[in-house]
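Note that the chains are named A, B, C, D and E in the order they appear, and that numbering of residues resets to 1 at the start of each chain.
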Amino acid sequence: ATQSSSVSAKTVLAAPAVRKRAFELHIDLAQVPSSQPNGRITMPDLEAYLQR
Amino acid sequence: MQMTMIEALNNALALILERDQRVVLLGQDIGANGGVFRVTERLQERFGEQRVFDTPLAESAIIGSSVGMAVYGMRPVAEIQFAGFLYVGMNQLVTQAARMRFRSGGVFTCPLVVRAPYGGGVRTPELHSDSLEGLFLQTPGLKVVIPSNPYDAKGLLVSAVDDPDPVVFLENIKLYRSFRQETPEDYYTVPLGKANVVQAGEDVSLFAYGAMVPVALDAARQIQQETGATVEVIDLRTIWPLDEEAIVSSVSKTGRAVVVHEAPRAGGVGAEIVSILNEQCLYSLLKPVERVTGYDTPFPVPGQEDYYLPNARKVRDAIRRVLEP
Amino acid sequence: MQMTMIEALNNALALILERDQRVVLLGQDIGANGGVFRVTERLQERFGEQRVFDTPLAESAIIGSSVGMAVYGMRPVAEIQFAGFLYVGMNQLVTQAARMRFRSGGVFTCPLVVRAPYGGGVRTPELHSDSLEGLFLQTPGLKVVIPSNPYDAKGLLVSAVDDPDPVVFLENIKLYRSFRQETPEDYYTVPLGKANVVQAGEDVSLFAYGAMVPVALDAARQIQQETGATVEVIDLRTIWPLDEEAIVSSVSKTGRAVVVHEAPRAGGVGAEIVSILNEQCLYSLLKPVERVTGYDTPFPVPGQEDYYLPNARKVRDAIRRVLEP
Amino acid sequence: MTTRQIDSGMVAYQILNEEGTLVSNMPDLGPAPQEMLLKLYRAMQLGRTFSHKIIALQRQGRATTFGSLVGQEATAVGLAAPLRQEDWLATSYREIASHIWKGIPLPTLIYGFRGFTAAYPPECHTLPIQIVIGTQMLHAVGLAMAAKLSGDPVVAVGVCGDGATSEGDFNEALNFAGVYQAPAVFVVQNNGWAISVPRKKQSAAPSLALRGPGFGIPSVLVDGNDVLAVFEVMKQAVEKARAGDGPTLIETLTYRIGAHTTADDPRRYRDEAEVEAWKAKDPIARLRRFLLAEGMLTEEQDRELVAAVEEEINQAANEALALPPNAPDAFFDWTAATLTPRLQAQRRDAQQYAQE
Amino acid sequence: MTTRQIDSGMVAYQILNEEGTLVSNMPDLGPAPQEMLLKLYRAMQLGRTFSHKIIALQRQGRATTFGSLVGQEATAVGLAAPLRQEDWLATSYREIASHIWKGIPLPTLIYGFRGFTAAYPPECHTLPIQIVIGTQMLHAVGLAMAAKLSGDPVVAVGVCGDGATSEGDFNEALNFAGVYQAPAVFVVQNNGWAISVPRKKQSAAPSLALRGPGFGIPSVLVDGNDVLAVFEVMKQAVEKARAGDGPTLIETLTYRIGAHTTADDPRRYRDEAEVEAWKAKDPIARLRRFLLAEGMLTEEQDRELVAAVEEEINQAANEALALPPNAPDAFFDWTAATLTPRLQAQRRDAQQYAQE
């Protein structure tokens, strides 16, 4: 991972499973809109982002 | 035959005494009185005072002398009247029984079973309900077994007595007579170290043992009714060593987990399960693992224990939280 | 003044004895002999046999009589010669000292400090090196403190004696004389329950206490040299209650964590920290938290302890794994 | 009588024999001996009635496990009567009559047996009843050591059963007290049984009082069903301790007439004949006979006294039953002086579920 | 002599006095009494030389903490000599001379003091030295109970120091043995000190042997520096136990001439004069005088014997020092009969770091 993506990964809140999925799909979680009040990216958020 | 857990344990002890002449039972009030819960009912009558005998009121001596008997070649099965009194014999259990093999470089062994009732919800005096299993994670050399039903109780006790190392066998008081279950009168074993998938499920893994297994099943039923989600309920059966494979494979599938125990939360069995999941399947986790446990206070008096103990409502709420996206 | 940890503790005890007439020191060989490690050196000479006295060889009695003294209104500071022998007095500590407030509905309290040396790497006989702190997570009512340096040792011991509840104060043998540090001779306190960020960092959080703090710092230095990553080293200081805020806020920032302790892994302090992180900042976690700990075996004989104990290499390797993407 | 080393014949010291006849000198009962005798008598009746009451409540599901006090009232009352308020008492569960004498209000005691945490008035210097057999003996030693170190003329009394003498803590307590010459008095209520284990299977020692000399502690064997003998022996031991002359071990020979607790069935392990034989040595009947014979009490007064005692207990029970339960989250407050955020959160959790 | 209850004067039983003169009858030393005397003498020399050797190795950094045996050889040898191979021995760390007599090879013992786990030959029926003070006494009781339950004519001996008598476990052991009439013999090596705590501060009892009667166990006080007296008293106790007549408590009065361990400095707490006074009662010198006076040993033979003993110890030390250390991961094997996957993984981790 590049320095910038790891920095952005650190600022994003997401369950480890979501991170892993995003990593496998080469998706930067910082780009994914969140459905949660604290900005956490859920698995459905990630899936919705994929369907966009 | 339909047996309560008391009957199953009594049956197991009789069987063990019959099969293996090296076995002796000792403890407070286990002879004529048959034990305060009657687990050893009629065993002294049947096997004699040489095989089944009362001891003076001294837990350290019960465990310490059992260590000597075990080294000699016997298979002592010692009863501590309530698990809370294990603290009194803690040194003999942890630094002696658990380490005989270790200290002697494998020359001497200590095939000793220490049985003790424990568990809340039965309005007992203090120290009668305390759950000590979490303590033994930090005391290497001991196995810890907690059955949740009569069938397992018998099979696990037979395995514990056959085990070449010391086993702490904790019996939940609430389960002692709460239900009967078909239990063979003949010899069989349930292996130590193997968890039991009581109910398969896809959406969340629920780990429990002892009296928390029925609580877990109750909560699982409610969840399924209310949400349609299926809960995989796993009865750990052996607390140490934990069946890590079973734990990890379930959560790898579900991505969500709840652990239930009566013992305090801090550093308990739940903490170790969370740690195992962290180490072995963190990337499967969709939500924080929930611990539904006793609080980090001493076990309270009878009038307050209901406010202390995990119950189906607490477990159901935890499952609900875990099921959120 | 430059003090070793022994000197700082001795200085703290002298100060406490001077300031508070309720304080008495008791334990095996703490009088004329000044304690087997000389922590109580000259204190009996200075304060008299009424304030500083030897006891018979009985840990349960040392703790049990201290409970009585504490209820009476004194502030006993009891030394157990090695923490491994706490098992002998475990019942008085866990079911009595820790629960006096609880059992009496708050009428009686037990402001007792139990000091005990512990820790590996010093080639002691068995049970002299065992780390018992993990056990006390499952025994509510006790605080557990472990200092990593002379300054903290003094300030924490003063706080422990001032605390209205029982405190187990564990002193790492290896740190006793390993270095000197500027330590005021006057009164000061270091608060219980507060961790200390020994070294700030951005990339990984490293939790340690006692003799593992220098090990952690060593590993952190190596990592920084080798990879440029900065390690936040946090000295827990109080083991129970843990400073959850400090733990969570560091990992919320770094997303990566390693915990180091000498005690066995299962159900230890590391397990509880992993659980706290799971509960409070799972969504920040980038990698599984690593536990670098003693193995799940008894503490081995002197000739093998180097193979058992965590060291800077093991910690460094764990940090490296955690730093991987 | 000076506190005497037990002799090899091991005859228990007695003042009032089974028939209620004086066989030794009447002890010094203070300025108003007759009142004191009646007070001792009433206290024993109170203890017995308390016991019956809690067992009745337990059968109704309104009290938790309880160990019968019946038969042991002379020891429990006799050991408490010579104490000052500032003297400390650390007992097991079978000395409720001692707690009553020491001033713990009856409703407080009954509230405890409802299964709640009962706060004893701190000035009664009485520790909560102890469940972990034998441990309280070390607390008594510590209290006594503290009194001595503080220069206070205060004595601490540790009381336990015959079974407790097998525990390490009991023996460590004797040793510590001997070494520090602590102002402690140890009372072993030898009631013949530790649940189902008879005294002779508890120890090969012919007498438990024999334990004392092995720790350098003078010991006395006393008829535990003779409240005057227990009082006298106890008084001497307490005065000796208070005078700075060290600890004493007292074995009181008595008998548990009832079941071990409400959870126990003694028919499984002991002979009714033994119980009957001991009933003939009843401590209350004995003193009653004496009081009647001496004209200190009439049958009429006795009936009144018994009725008044019952009334007192019933009223206390009603009061205790009317008390609100402990707050559902009260146990958090008793865990530590200040609660950490974690415990505060757990407490909120408990509160929430308690409300639902 | 029959094993005697200690008398109130508490005169220790003696056969060979400080000058090496017989003051009681010579015990029955078996078919070859002179050989046995020389064997006892040699065993004491071996114990002392062993002690000197380990302390020397410790100073060179080649051995771990060690507690001096010097001055206590008569007790250690005298208690072991009457035992059969099948009798069990459970001791603390100060009875290495007993272990030698019981057949543990010298290199095995020395290997242990190098800081490794030493495997005792199981047929020697000797438990590893115990560090947790007092605990082994209960193991001896259990071994004795097992022997009795199995109908084996086997005795178990528990040995501890004077300090150990303050521990609960010591007292619980006496009680259990009394109750079960276990074929156990308890030996308290009263060497005057528990590290810095003198015997009189350890217990208010005038004699530790007085502990016995409180548990219904006959007790003997014996001169612990008189190998013949220890042998005789021990022999009787062992025979009595083997015959099914129950346990005995033996207090041996001896003295720790050296420091508590290599980590201790006794000048901080004890008077050199006391040590000097006890040196005059040296157990080895005493028997040597007797043997020389009786013509059983010449000065020449004595020198040869001492040289041979030293040679034996040096050779054993060389052998022990040449032994490979325990495998780095050996402690995993000793944790449990079979290793779980988790422990197997941890063991691989240990192996890997050991190799680096």
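Here, contacts are C-beta pairs under 8 Å (C-beta built on N, C-alpha and C of every residue); 3 or more make two chains touch, one makes a residue touch a chain.
Bear in mind that the values here come from a model prediction, so they are computed numbers and not experimental data.
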Key: For chain C, the least number of touch steps when starting out from chain A   = 1
Query = Along the shortest chain of touching chains, how many steps lie between chain A and chain E?
reply = 2
Inquiry  = Centroid of chain C to centroid of chain E, CA atoms only: how many Å?
reply    = 36
Computed distance of Cα centres, chain B from chain A, in Å = 41
Key: Distance from the mean Cα position of chain D to that of chain A, given in whole angstrom   = 68
Ask   = Could you say which residues in chain A touch two or more other chains, in rising order?
value = 15-16, 19
Remark   = Listed in rising order, chain E residues that touch 2 or more other chains are 117, 132, 166-169, 172, 175, 179, 201-203, 330-331, 334-335, 342-343
Note = Where chain B touches two or more other chains simultaneously, the residues are 56, 58, 60-61, 84-85, 87-88, 91, 95, 102-103, 126-127, 140-141, 282, 285, 287, 296-298
Query = Between which chains does touch occur?
reply = A-B, A-C, B-C, B-D, B-E, C-D, C-E, D-E
Key: Touching residues (chain side chain C, partner chain E) in the complex   = 28-29, 31-34, 36, 54, 56-61, 84-85, 87-88, 123-128, 265, 295-298, 300-304, 307-308, 311, 313-314
Key: For the chain C and chain B complex, residues of the former touching the latter   = 84-85, 87-88, 90-91, 94-95, 98-99, 102-103, 126-127, 132, 134-135, 137-141, 240, 263-264, 266-272, 274-275, 277-280, 282, 285, 287-291, 296-298
Query = Which chain C residues qualify as touching chain A in the complex?
reply = 253-255, 282-286, 325
Message = Using the touch definition from the top, list the residues of chain A that touch chain B in their complex.
response = 15-20, 35, 42-45
Inquiry  = Under the definition above, what is the set of chain E residues touching chain C in their complex?
reply    = 64-65, 93, 114-117, 131-134, 163-164, 166-169, 194-197, 201-203, 263-264, 268-269, 325-326, 328-332, 334-335, 342-343, 346-347, 349-350, 353-354, 356
